[in-house]
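After this come two complexes, each holding chain A, first together with chain B and then together with chain C.
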Partner chain A sequence: MSQALIEARDLHIEFGGVKAADGVDLSVHESDHLAIIGPNGAGKTTFLNICTGYLRPKSGTVRFDGTEITGRSPRWITRRGIARAFQIPQLFLEHTVIENMLIGAAARDRVRSLWRPLSASTARDEMMELLELMGVADVAAQVVTALPEGQRKLIDIALALALKPRVLLMDEPTSGVSSQEKFQVMDTLLRVLAHQQVTAVFVEHDMEMVERYAERVAVWDAGRIRIEGTPAEVLADAGVQRDVIGL
Partner chain B sequence: MRGGRFLLLGVVALIALMPLFAPWSKTFLVLAIAKGLAVLGIVVLLRAGQVSFGHALFFAASAYVAAFAARLLGGGELLTLLVIGALGSGVLGLLVGLFVVRYRYIFFGMLNLAFSMVFYAVLEKFYHYTGGSDGLILSRPSVLGIGLERLPFEYTLFYVALATAAVLGWLVHRYLNSAPGRALAAIKTNETRLEYLGISARGTLLVAYVISAMLAGVGGTLAAVMQGLVTPEYAYWVRSGEFVFIAILGGAGHVLGAFAGALVYEGVRMYLAVLAADMWQLLLGVVLLVIVLFASEGLVGLWHRISGRFAPAGREAS
Partner chain C sequence: MDLIIFTLAVLDGLAYASQVFMVAVGMTLIFGVMRILNIAHGGFYAIGAYLSAGIGLAIASAGLSPWLHLPALVIGAAMAGGVLGLVIERFVLRYIYVKEEVLQLLVTFAIFMILEDVQRLVFGVQPYAASSLVDAMGTINVLGIPYNAYQVLLLPGVAVLTLVGLRWFLHHTLLGHLITATAEDREAATAMGVNANRVFLLTFTIGTVLAALGGAFAAPTTAVQLGMGADMIVLSFAVVVTAGLGQVEGAAVTAVLIGLGRSFAIYLMPELDVLMPYFIMMLVLLVRPNGLFGTVQTRKI
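Now for the complex of A and B:
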């Protein structure tokens, strides 16, 4: 197996006595597509929050490519190559889609784009190409507030990808996307991830998606990793079927 | 777009020529430009959704810095005083900004007010240094090493003020449309996302705050040089409120709105003070009410609406 890109060791965190992480060890490897599943409130999103610096664990460490990132700010972590897409899209609502993307590109290219008007950004073509790949290029000129939730979700992911991250953490990437479109969206997303050689971690409730798109699955239950393996192994587990999938 | 630019050039040309036909207008125009620059500072912060109710702090600080510098330099040089005033308010903006950019909305606004009132009190109480409520006299500086008489000096000051406003207005326009400027606007809608793009929201706001303080500083220095006297009134809360008032009047968020608002405000104030001396504040309040109720985007928004109505079909108004 390839070297671990994200390595979480003995993570502990609790909220009001509820343990969201209780000695969690979890590794994400280069080019992985890791799905984290589990019951509601089990602590799945907490893992993303810790890895991106939004939360500091009570104890334990997270390393990214060998560097400890525990408790670092989201900004510091993002600059080192971990990007995040949110369950509820986090966009700049007063800006157009392409402006959102260009702010992302400017954040990535910091010094180069300091003075140039955003409308004349050299990254425009690149961002349009990314929107094209995500299937939302036709709404590039629209203000974000005018778009339906599903499209905002895709733009939220595209904005994270604009940073050219090494790892993309996603919280339910297809929630809000219609059931007819979700496979198409994920096909597109995986194609883009492969194209940009991005390692992906996604929290997911939809087992169909997990089965089809994850290479590895970790079941997070009551603050612990209950089982980890390939989708076939994990989804066939009787305990997982009973407690997580609800069969 | 092109029509709009020609119109803008026409208005600037008209203002540039105005003192030649109406010499009395020099003082009025310099003060309007000075306030317009301070309001431009408010406009920069409004991009981030933050209102400063204490920007008179920087207006006053630069004026006092210029007055002290003029004393030290034996009168000083106009352009040097403008640079020193701007730098002084920039340094103060950095110090105050490091504290206030940690807060948002009403807390941001009130902290700015608090700082300006502390400064006002310092200016009033430290009589031996600041002259107390009498203030400091700022003698007429030289211009490029030439000592000018009052009249030519006022003309020169007016054209320096106009050129400064044009250059700074253009620079602020560029800044607001650049990536850092757009990131500043993004603070208003999604600060969290900004951090997750690797951009420091506080850092972005701090840069804007220092720029804003320097703009107010240039305005304060111009006003001080024009009036030849600096008093604590420069830092009083009413002055800060005046800047916010003008920003709304002109059109919050517009570079041109800052100057349009300042010109209209100073003009209305000047005429009302003569025609209705006892109730000019009341009438100004009514003007603001009308603007807020019927033209919430201020004078610039009103202009866009009117020019849009008369624009040829199929073309958008610039």
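Now for the complex of A and C:
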């Protein structure tokens, strides 16, 4: 197996007495497509929040490419190569799509000439190329509020990819997307991730998506990793079928 | 009402609206981005006014051209507002963004009180008047009525320039987009690597510079004295709330509305002069509780 890119060890965190992580060990490897599944409230999103600096665990460590990142700020972690796409796309709604992308590129490149017009950004071609890859270049000039949820998801992910991450953490990348659109969104996403050589971790409730797109699955239940393996192994587990999938 | 009274009321109203707008726009900008209602804003206005009056008097006593007052008041107020804004944001406000709104109000009110005492300490309690720049600019005829060029041309000109400049800055420059993006969603901006602390520092400083400039430009037309900051903060608050919190363009329209309302009251019903801005605010909020330009999830800046 390839070297662990993200390595979480013995994570503990609780909210009002509920243990969201109770001694979690979880590794994400280079080029992984890791799906984290589990019942609602089990602590899956907490893992993403800890890895991106939004939460500090009570104890335990997270290392990224060998460097400890536990408790560092989201900005610091983003700059080191972990990007995040949220369950609800966090786009700047009153800006156009290309403006969103150029703001991301400016933050990434730490552009110093803050008084220059945004439209004169040197990253425009690169951002348009990324939108092209995600299949949303045709809406580049549109304000985000005018776009349907499926396109917003793709743009949110494009924005995360604009930061040139090594790992992209996604919280239900197809939630809110129609069942007709969700495969298209995911196909596009994985194609771009492969093109950009980005490792992917996604929290998912839709087992169809897990089966089709994950290479590895971790079941997060009551703050612990209950089982880890290939989708075929994990989804065939009787306990997972009963408690997580609800069969 | 005859034409002379009408014209005077309009000119007075526009001049007054220009002064109020300069302060209110900084206040609404700070609220729109940082979600802090900055009561200390009146203190920056007063400090700008005192500095401007002091500079004006120094220029007059040195026998220099009164026109020097114009660049000197801009530079002086911008520096004072800039330095104070930077220091207060960095060492006080940064620690209360995540605190309750009541605490934020109390802290900014405490800063306002401290700034008032600083004015008392540095400038004393006597009023200052430095109107040589107004005299130097002379008068112009508006529909046959002679009126101070300073009030009819310079003050509205500065206000319009501020509005246009701020709009251009916020909607075209990279920094402006970073500010509007952070105002819209601080978490998302931080997630993509934007330094929200720096954005807040710059926004607050821009707001305090605008307030100090508002005071500096108002000084040649009025007696600068203790308490002027408190008066202005209440009036600016009325403008900001009537427009809808966080509305830059709305603040301009509302400043004109309230400026004209107050000015017509002075000429027609002087006993309602002080009440008029709040009467307008009350009427607007009864019909539109989020302000003239606000929505439930108001767009900030």
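A few points about this structure:
FYI, the second predicted complex is superposed on the first by the 241 of 247 C-alpha atoms of A that agree within 3 Å, B and C clash if a C-alpha of one lies under 4 Å from a C-alpha of the other, contacts with A are read in each partner's own complex, and residues count from 1 in each chain.
To be clear about the criterion, a contact is a pair of C-beta atoms (placed from the backbone, for glycine too) under 8 Å apart; a residue touches a chain by one contact, two chains touch by 3 or more.
These numbers were taken from a predicted model, which means no experiment stands behind them.
In this superposed model built on chain A, chain B and chain C take up the same space, so to speak, and clash. Contact with both chain B and chain C is seen for A:84 once the two complexes are overlaid on the shared chain. Within the superposed arrangement, the part of chain B that overlaps chain C, taken from 91-99, 163-171 or 307-315, is 91-99. Chain A uses residues 52, 73-75, 78-79, 83-84, 90-95, 99, 102-104, 106-108, 113-119, 121, 159-160, 163 to touch chain B in one structure and chain C in the other. Looking at the complex, you find that chain A touches chain C at residues 52, 73-75, 78-79, 83-84, 86, 90-95, 99-100, 102-104, 106-108, 111, 113-119, 121, 159-160, 162-163.
Against chain A, in their complex, chain B makes its touches with residues 174, 177-183, 185-186, 188-190, 192-193, 195-200. Against chain B, in their complex, chain A makes its touches with residues 52, 73-75, 78-79, 83-84, 90-95, 99, 102-104, 106-108, 113-119, 121, 159-160, 163.
Note for the complex: chain C touches chain A at residues 172-178, 180-181, 184-185, 187-195, 299.
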